[in-house]
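Presented sequentially are two complexes of subunit A, the first with subunit B as partner and the second with subunit C.
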Partner chain A sequence: MAKLKVDGKEIEVPDHFTLLQACEEAGAEVPRFCFHERLSVAGNCRMCLIEVKGGPPKPAASCAMGVRDLRPGPNGEAPEVFTTTPMVKKAREGVMEFLLINHPLDCPICDQGGECDLQDQAMAFGIDSSRYQENKRAVEDKYIGPLVKTVMNRCIHCTRCVRFTTEVAGIAELGLIGRGEDAEITTYLEQAMTSELQGNVVDLCPVGALTSKPFAFTARPWELNKTESIDVMDALGSAIRVDTRGREVMRIMPRVNEDINEEWISDKSRFIWDGLKTQRLDRPYVKKDGRLQPATWGEAFQAIKAAVAKTSGDKIGAIAGDLASVEEMYALKQLIAALGSESIDCRQDGAALDPSLGRASYIFNPTIAGIESADALLIIGSNPRFEASVLNARIRKRYRMGNFPIAVIGEPGELRYEYEYLGAGTETLAELVSGKGKFAATLKKAQRPMILIGQGAIAGEGGAAVLAAAAKLAGAVGAVTAEWNGFAVLHTAASRVGGLDLGFVPGANGKSAAEMVTGSDVLFLLGADEIDLAARKSGFTVYIGSHGDNGAHAADVILPGATYTEKSGTWVNTEGRVQVGNRAGFAPGDAREDWAIIRALSDVLGKKLPFDSLGELRSKLYAAHPHFAEVDAIATGNGDEIAALGQKAGEMGKSVFASPVKDFYLTNPIARASAVMAECSALARNNFKAAAE
Partner chain B sequence: MFEPVLLKNVYVPDGHLIATYEAGGGYRALEKALKEYTPHDIVELVKRSNLRGRGGAGFPTGMKWSFVPKRADKPKYLCCNADEGEPGTFKDRIIMERDPHQLIEGMAISAYAIGAEVAYVYVRGEYVLAIRRLEQAIAEAEAKGYLGARILGSDFNFVVHVHCGAGAYICGEETAMLDSLEGKRAQPRLKPPFPAVAGLYASPTVINNVETLVCVPHIVARGADWFRGIGPEKSPGPKLYCVSGHVRKPGLYELPMGIPLRELIEDHAGGPPTGRKIKAVIPGGVSAPVIPEQGLDVGMDFDSLAAVGSMLGSAGVIVVDDTTCMVRVATRIIEFFHHESCGKCTPCREGLNWVVKVLRRIEAGEGAAGDMEQLDMLCKGIFGNTFCALGDGAAMGLRASLTHFRDEFVAHIEERRCPFV
Partner chain C sequence: MTMREKIEQAAARYPDRRSAIMPALLIAQRQHGHLPGPVLEEVAEILGVERIWVYELATFYTLFHTEPVGKFHLQLCDNVSCMLRRSEDLLRHLEDVLGIEKGGTTADGLFTLSTVECLGACEMAPVMQVGDDYHGNLDIARIDALLARLRATVPHSIGADLAAAEPPGE
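Up next, the complex of A and B:
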């Protein structure tokens, strides 16, 4: 800790603090543009100037000086800094005026207006008029892709965007070119950016130089209603804010959650929202004469009742999709049980995860923040960059700290950090389990090794054996100890851990998802769009969900549901963290919240579920599964379960691991309905082709 | 009469060849250093000599070397700053073209002192002949065992690489130079960490100017007392002065540190052309504040020039006679800095952009009332607030012009034309 005085107030702060952070700690406001807590220090904007007592007779950039660089007074007094002296005030006004001389001041037509650091700080720290009488510089706008719009006259050259892409995203695709007056931010050849995290530069840019292209000119920030919620585009549960005007979602922004996403979100999470408005199922449909036709809720329910009446309980089944909330899965599970069936499954991909093996066997035990304290990483059958882009940035963050050996078994890919490629599949894993190879020794030597298991490793034929082998390896290298559990299952589906927690898996006499496709008379698909239904030649299919996607196309009855922004729901992320998302708007037309649909249907089927409101549903849910009530907490997995799982390790057979995410931008029905995601997907495919050529 | 030391070989035919250099006693200082001194001895010797860096700032060289950690798990590097971008400066070029072995010997001894086995010479890209001669000299020195493994039977290994700059003045700033050497965009780095601790490739690095390094063999050969005996005690040694502008004998002069500026111009460089009078002199490259004629009795050393509000800088002495418009001079200099500003920090990037526009207006006879106050204000807004010394230097120089030659600026504004045309 270091002692210092800020404007006469004595405080104590950690040694690594910058003066800027220390001033803030003391409650003194220091304006800044280039400084950002999560990026390296640039010290280029010069807005954060303060006065250091006993230093040179000029102001110091407080972001670029550490408290440990301060000298105590001649008699050992605590060093002193000032943030409000005339020297500081003049210096700030000067810098502010300089920043504005070439700034277009086109605030009335700027999307940053109302949430612009430059506006705010000019108000607070600038002078009221400029003495600049010369012509302003003009900078051409740059094309940098479909997501980020540029108005380069507004750029103040803080390089936050450059530092973000280089440091956090791990791809140096934005840069400052040209010198002095000609300095410009660009992707050099004006090609589209490729990072899955590029949208974050919109938030980082302190001015309106980089703004959201899809959001351009659609709304002013002060017209928007802001709802705090949870993202479901992957299994991280990133903290988001959904901004709506009337019923319409206008944009999605990240919120800070240090445990999960810090302050980043992926481009899918951010730019998905146009997909909320297209391909929507806004009324029930019933198949008549071989064609799906609009129907009333009553007609749709009667059609289902007729189909259910024609079969027996064991021929009924339900598959939950990747975006389903715990509440609707809970309701559906109750209904299916009431109809006399044990055929339920939340694993569309057939992943060999089994809740009976214990929670530790299917969650990301070390936690996302825990990645930072790991000291070796083995990735098995996963491409975290596409499966969980923000988590991948956390791996990169750890990688940048140094001394973090990483190795991959599975598909080799560009992960935004260096790693050792060990092999493609089970054979390599088997070797490692038997203790062969350099990396086995690396893991063993590590104090906190992490073994990341992707769905791509366990969804295949020998999935259960692979999972057990990974557990055995974890045991062998000491990845599970009293203080550390490095067994990390990385999910891709937001619904998955919640589903496993609920036991949304086949009972002893039940059928798995794949078996249900061919072997059930009545099949309920709760937003299940990622399962191959081509093999379903007969039987009656009910689709409950929001979009006209794969599931709806195969349905006999469609019950229109709500998307994640249109309902309050619980999701459990890959770490096993329970989180609640909030409703930001209403589902379109006749569409309803999914739990309510299931509840209404249960009545028609004569199996009335015992709750009339979401509140009642939740109290039943919490009674049966108390951990769902512990919002934001993780019910920790038991390390012994990993050891027990390791005991089951046996022959894995020969197979190679492939990531389940073939196209980052199109992983769910909302994404597939989004024109923005389609454009990104096409660009990514072309880039991939171009790179291969 | 002062006997040249640094320029001794420069006038010798074929002075750039190793045979000539050896014949004149070349590489003996290296031999002496390796055989008779420990690295620590050399650092102490250079400290005692009071050698101060010739790149501009005049930082004590021995002290700079002593900041390099003794034990380090990373390699150490020596970088020779041969970017020589300061307008009015051409001393390093002459050394590299005519006497490159002197520099190689200086680097070898300096590298031995700090424990570096690799050195880079960052040469201004336009110095084509210098680059060629240096490369040739390195090859010769390698062939003769003055470079390479186990030099002269010692256990000291040392290689030198030449790196060509691509024409940005900022690359002469030592940390920007390191970024450029690493293949990055050249922009000054934050300090701390200082290069001596984390410089090139985050390893301990010493950066010295060409002239600084060529002083070293002479200090080894003749001793610290000899060096300290030349010129002022605190800022001693033989010094290269680049005299250009309105003098009859422009050129490179080697004279003691501290020689009066007037003597340098009048006695050595032949004074101004007949019928002209000196109006002002820029003593140390365009970053150094201008000195009006009355001030020419100042001594040419770091401390004396600092005392009169100017600086020795690169000792690029630019003489301006009475036919010259000082507004034109100031504008041209600011145009240079404006062009060369790297664009990193706001006051330099935006401030110089503003200054240059005002100056161009004034020079073109389009100045307005209030322009002088605006220029004063701009100097204040830039000076002291920039990231590196480029912006400060520009503002300091302009401030001196505004102070000493205010009447010329005012005349431009009032008469709405340049009185010199």
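Up next, the complex of A and C:
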């Protein structure tokens, strides 16, 4: 610990702190442009100047100077720094004047206006007129892809964007070319950026040089309503803020959640919002004469009632989709049970996860933040870059700290960090389980090894055996101990862990998702669009959901539901963390929140569910499954369950693992409705070769 | 030795291949005369580093040329010592006799004229660097003699060929 005085106030801070951090600790505000907690220190904007007593007679860049660089006074007094002296003020005003020399001052037509660091600092340190008479420099705008818009005259060369892509995203795509007055930020020959995290540079850019292209000129930040919520594009449950104007979602931004997404979100989470407005189901439909036709809620319910009356309970089934919230799955589960069926499934992909094996067998036990304390990683059947981009950034963060051997079994892919490729499938895994191979020894030697199991490894027939083998491996290499559980199941669906927690899986006499497609008379699809319905030749299909996607096309009755921004709902992320998303706006037209649809339907079917409001539903839900009440907490898995699962390991057969995410940009119905995502997907398929604008 | 071998040899001296971009660019520029896109990409590929890193360096240093330069690159110092010793007159003279402006290249592709910061040889100011050589204590007569000498090293036809030739890699 180091002692120092900031503006006369004595504080003690850890030795590795910079002066900027120390000043903040003391409650003094220090303006900055280039410094960012999560990026390396660049020290090139000079806005953070402070005065150091006894130091050189010039202001010091506080972000680039450590407290351990300070010298005590002649009599051993604590070193002193000042943040409000005339010297500091003058220095900062000087820096600001320089920064504004070449800045276009086009705030009235700049999308950053209202949330711009430069604008804010200019209010504090700017002078009202300029002494600069010469021509300002002009920089051509660059094409860097369909997501990030550039207005390069505004750039102040803080290099935050360069450091982000290089350090966090793991692919150095942006760079600073030229020098001095000719310095410019660009990608190599203005190629489109390829990172799935590139949208974050929009937030990082302290000025309006990099802004959101899809959001361009659509709204001012101060006219937006901000709703804090949870993302459902992958199974991480990243913290987001949904900005709406009226009932329209205008943009989505990340919020800080150190445990999950730090302050990053993937491009899918950020740029999905145009998909919320297109392909929407805004009224019920009923199939008449072979065609889906608009209908009233009453007609739709009656059609379902007639179909249900014609069959017996065991011929009814329900499949929950990847975006469903816990509440609606709970309501649907009650309804199906009341109709006398045990056929329910939330695993559209047929993943061999079984809640009866215990929670530890299907959650990401080490937690996302825990990745940082792991010391070896084996990835089985997963491509975390596409399945959970933000989690992949966390793996990269750990990788950058060093001493972190990583190996992959499955498809070899560019993961943004180096790894050892072991093999393609079960045979390699079997070898590792039997202790053969160098990496088995590496895992064994590690104190906190992590075994990441993707859905690609455990979907399909041999899935259960693969899961058991992974558990056995975890046991064999000591990945599960009293203080560490390195058995990490990475999900791709936001709804999945919640569904498994609820027991939204077939009962003893129930059918699995695939069996229901062919073998059920009445099938309820709760936003289930990823399952192949081609095999469903007969039977009555009810689709409850928000978008006219695969499920709706196969439906006999469509009940229009709400998307994640239009309802309050609980989602459980891959770590098993319970989180509640909030409603930012209302669903369009006649569409309703899904739980309410199911509740209303239950009445018509004569199986009235015992709740009239979301609050009542939740109290029933919490009574049955108390852990859902513990919002933001993880009900930890029990390590013994992994040991028990490992006991089951047997013959795996021969198969190779493939990641379930074939196209990162198009994994769910909202994404498939989004024009922005479609453009990104086309670009990615074309290997990011687009003509520069 | 091929360019690749030379670059590999240089890279072996550095703990990190990114650090070898500078010597690699020098080698590439010696070979190609300047550094057009395809050459930068080749350097990035040989070293296995990001292209943008190579591009950043190539554009940052004035000694690297991403645009074609003449066979002889005349780099006249215009910093204090040389200026006091009338380097400005020399610049004007060079512009006159070569018929180009500062930054330009003669039509025959022989000479590119630029001004540079202190060459670290103030004791023989005014100084001009041509290729790897320094020429000091210059005056107009010496400049003329130097240009004549440089011209003489090139058979007459080659100058014309150089002008007509496509820049490498493009």
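FYI, the second predicted complex is superposed on the first by the 687 of 693 C-alpha atoms of A that agree within 3 Å, B and C clash if a C-alpha of one lies under 4 Å from a C-alpha of the other, contacts with A are read in each partner's own complex, and residues count from 1 in each chain.
Basically, contacts are C-beta pairs under 8 Å (C-beta built on N, C-alpha and C of every residue); 3 or more make two chains touch, one makes a residue touch a chain.
Nothing here was measured: the structure is a model prediction, and the numbers come from that model.
Overlap between subunit B and subunit C is detected when the two structures are superposed via subunit A. In the superposition on chain A, contact of A:547 is made with neither subunit B nor subunit C. Considering which of subunit B and subunit C touches more of subunit A, the answer is B.
By the touch criterion defined above, A:567 reaches neither subunit B nor subunit C.
Using the contact criterion defined above for the overlaid structures, shared-chain residue A:188 touches subunit C, although it does not reach subunit B.
Once the two complexes are overlaid on the shared chain, A:49 sits against subunit B while remaining clear of subunit C. Of the two partner chains placed by the overlay, subunit B and subunit C both lie in contact with A:179. Contacts of A:132 after superposition on the shared chain: subunit B is touched, whereas subunit C is not. Overlap of the subunit B and subunit C interfaces on subunit A: residues 175-179. Remark: subunit B residues 168, 170, 185, 190, 192, 338-354, 357-358, 361, 368, 374, 377, 380-381, 383-387 touch subunit A in the complex.
Residues 41-47, 49, 57-59, 61, 64, 69, 90-91, 94-95, 97-99, 101-102, 131-135, 137, 156-157, 175-183 of subunit A touch subunit B in their complex. Residue ranges of subunit C in contact with subunit A, taken from their complex: 37, 50-53, 55-56, 59-61. Per the touch definition, subunit A reaches subunit C in the complex via residues 171-179, 187-189.
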